[in-house]
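Chain naming follows the written order as A, B and C, and within any one chain the residues start at number 1.
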Amino acid sequence: MSPVVAAIRKDLLLQWRTRAQVLAIFVFGASALLLFSFAIGPDAEALRLHAAGFLWLALLLSSTLTLAESFQSEMEQRAFEGLLLLPASPRALYYGKAIANWLQLTLVGAGLVPFMVVLYDAGTTRLLGLAGILVLGAAGLSAPGTLYAAMTAQARARQTLLPLLLFPLVVPVLLSAVKATSLLILGDPMGQLRPWTLLLACFDLIHWALCGLLFDRVVED
Amino acid sequence: MAVDSVAVEASGLCRRYGRRWALVDVSLRVPLATVVMVTGRNGSGKSTLLRVLATAIRADRGGARVLGYDCRTQRDAVRRSVALLGHYSYLYEALTPLDNLAIAARFLWPRGGGPSPRALLEEVGLADRADDPVSTFSAGMRKRLSLARTLLQDAPVVLLDEPYGQLDPPGFRLVDGLLGRLKQSGRTVLMATHLLERGSAICDQAVVLEQGRLVWSGPAAQVPEASSAALPAGAPR
Amino acid sequence: MESAVDPRPTPAEGSIPYLLIGLGLALLLWGSGWGLFVAPQESYMGDVQRIMYVHVPTAWNAMLALTFAFACAMVSLLRGGWKWDARLEAAMEVGVTLAVLLCIQGSLWAKPTWGVWWDWDPRLTTTAVMVFAFAAILALRRFVDDPVRRAAWSAVAAIIAFADVPIVYFSVRWWNSLHQLQSSPETVSRAFHWPLRINAFGVLFLMSGLIALRARVAELRLRDELGPPLPLPAAAQGGL
């Protein structure tokens, strides 16, 4: 069994056993969507126009919870160090954790979509396209997010540091995902979906490679 | 590969935490198949020494070798040769003992093999709790599980940091038995402990640390006298 | 990282940084004076356009500082060495300061020109994002006590942040392209080149001097952190 597969199994098992947390994170995201709608007011036009933005903001905020939690169980009894000492490759452990976070973020995002549809009157028939954007966007949040979660889990003031470090970096994800989702909801007469999707994919490729490469400097002395 | 019959050797190890030096100029040589007791007061650097040897942390100065592998440059080889029972249990609280052992086993033996997790749980007396999450365990049970995890690694060099900690009298006997078996199978063991009587009964050699320095070494049976004579740092020898 | 080969950094002592700062300030005074009072007024934008004489040099040098930070991060990660960590810290601080100045200059230009304080110009918006990214790394440094870890983590974070710059730029440019034309005080005709160049070198020298000095401060701090003396006395070696 390859170490990456072993790591993925471990992280999926951990997520499954603590699945109540995912529910809590989803509720957090949903309440964020609700609060955003209050900020706009009961203006159906405006709500529909900005629905995509709020969906991704809610997911971004939820991601800080997901990412921080993902290293909680690793650090409380230093289980992560225990694995490193077996030895287990830091890179494998990174990809396992990043993939598990990716899955969780995609699920939370998928759960928030019906909420968005109802609250913001922002539905779309292009469900496959929406799923694709969700998957790509979640991947973009997960790659750097997992690296920084590992870092800040070992530092002081971790609650503030993670969003501080992550948010500027994922601006391209936010822009592309919001734009693409908006096009799916409001219509795409000029066929702009593709370049945004490509930008997202580009971001994902670069960061999944780069963060995996750099991860062992983050967790090893 | 062991170049000679030395299992562990350290020279001039220093390690600092902030401005405080936890290890100062520690040098030692541990022959193969020896059981060594590492003792000293709280804060004397016992845990730090074991962690440096296990490559959990780096040394700020000096170097160490385990079975001939350099701790700084051949870290993975050292890690394959060493099993550490540390201060932290290395367990996932949300998972069961079987899960925890199975996860470690998959990294240790990617193609299968290795000691059976169930058998190890039997050995440490946790067979009836094999499917309960670790978060429901007492401190003593967690210690037993950590012991099982250490044994799972089947390593030639075993580092134990306070193995008797949190255990009840049956637990003490368990550790005694495990130590005996490790000794019989020719492993090299370094055990940090406060329990001088117990330690000197089982161990061959002993070293005493005091404020990060190695102040005494010799046969384990002679430790009780020596550690009361161990001089505080600053006094002339 | 600490070894007999490279134990603690020893900061340089010369006065070259001070000379650079002095030279830089002198050039800035000359270039700015020329640009503000002597150079002809720009036909479309009027006097407001004069901010370009500091805006463009600041932009070039901010990018230069952060690129230098990236280079220091690479060397620090691949080769190690405390000097490079010190330079990384210095370059990031100076780079962030210049980037903040850039954003302020951009606002000062945007308000009279477009009537809004922020016009979402792609370059400026990217700069703003970079301010936050690198400021976060500077914050990270404050919360990590172990120098070896701090050096490794800041280098990793700086590399990722820098790698992100082109992606951020492109995404903002596409995002903005549907709403507005490119707008920045950059259209320069030949009459305006000289004060610009003088100021560019002025900021360059000033910045280099400041980075060098700040790196010295960082090295002194590292020296103090890395070098608490070993306690006495020397103990007998252990042998079994």
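One rule holds in what follows: a contact is a pair of C-beta atoms (placed from the backbone, for glycine too) under 8 Å apart; a residue touches a chain by one contact, two chains touch by 3 or more.
Not measured: the values here are computed from a predicted model.
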(message) Between chain A and chain B, how many steps is the shortest route if every step has to go to a touching chain?
(response) 1
(message) Measuring from CA centroids, which chain ends up nearest the centre of the complete protein set?
(response) A
(request) Weigh B-C against A-C on C-beta contact pairs and write down the one with more. (result) A-C
(request) Please report how many Å separate the Cα centroid of chain A from that of chain B, as a whole number. (result) 39
(message) Taking the mean of the CA coordinates per chain, how far is chain B from chain C in Å?
(response) 47
(message) Can you work out the whole-Å distance between the CA centroids of chain A and chain C?
(response) 30
(request) Indicate the residues of chain C shared as contacts by at least two other chains. (result) 148
(request) Scan chain A for residues touching two or more other chains and write them down. (result) 221
(message) Counting only residues that touch at least two other chains, what does the list for chain B look like?
(response) 58
(request) State the interface residues of chain B toward chain A in the complex, per the touch definition above. (result) 54-58, 75-76, 79-80, 82, 84, 86, 88-95, 99, 103-104, 106-108, 110-111, 133, 149, 153
(message) Which residues of chain A touch chain B once you look at their complex with the stated criterion?
(response) 1-3, 6, 9-10, 13-14, 17-18, 73, 76-79, 81-88, 221
(message) For the complex, give me every residue of chain B touching chain C.
(response) 14, 16, 18-21, 24-31, 34, 36, 58, 60-61, 205, 207, 211-218, 233-234, 236-237
(message) Using the touch definition from the top, list the residues of chain A that touch chain C in their complex.
(response) 144, 147-148, 151, 154-157, 161, 164-165, 167-169, 171-172, 175-176, 179, 195-196, 199, 202-203, 206-207, 210-211, 214, 217-218, 221
(request) State the interface residues of chain C toward chain B in the complex, per the touch definition above. (result) 2-3, 145, 148, 228, 230-240
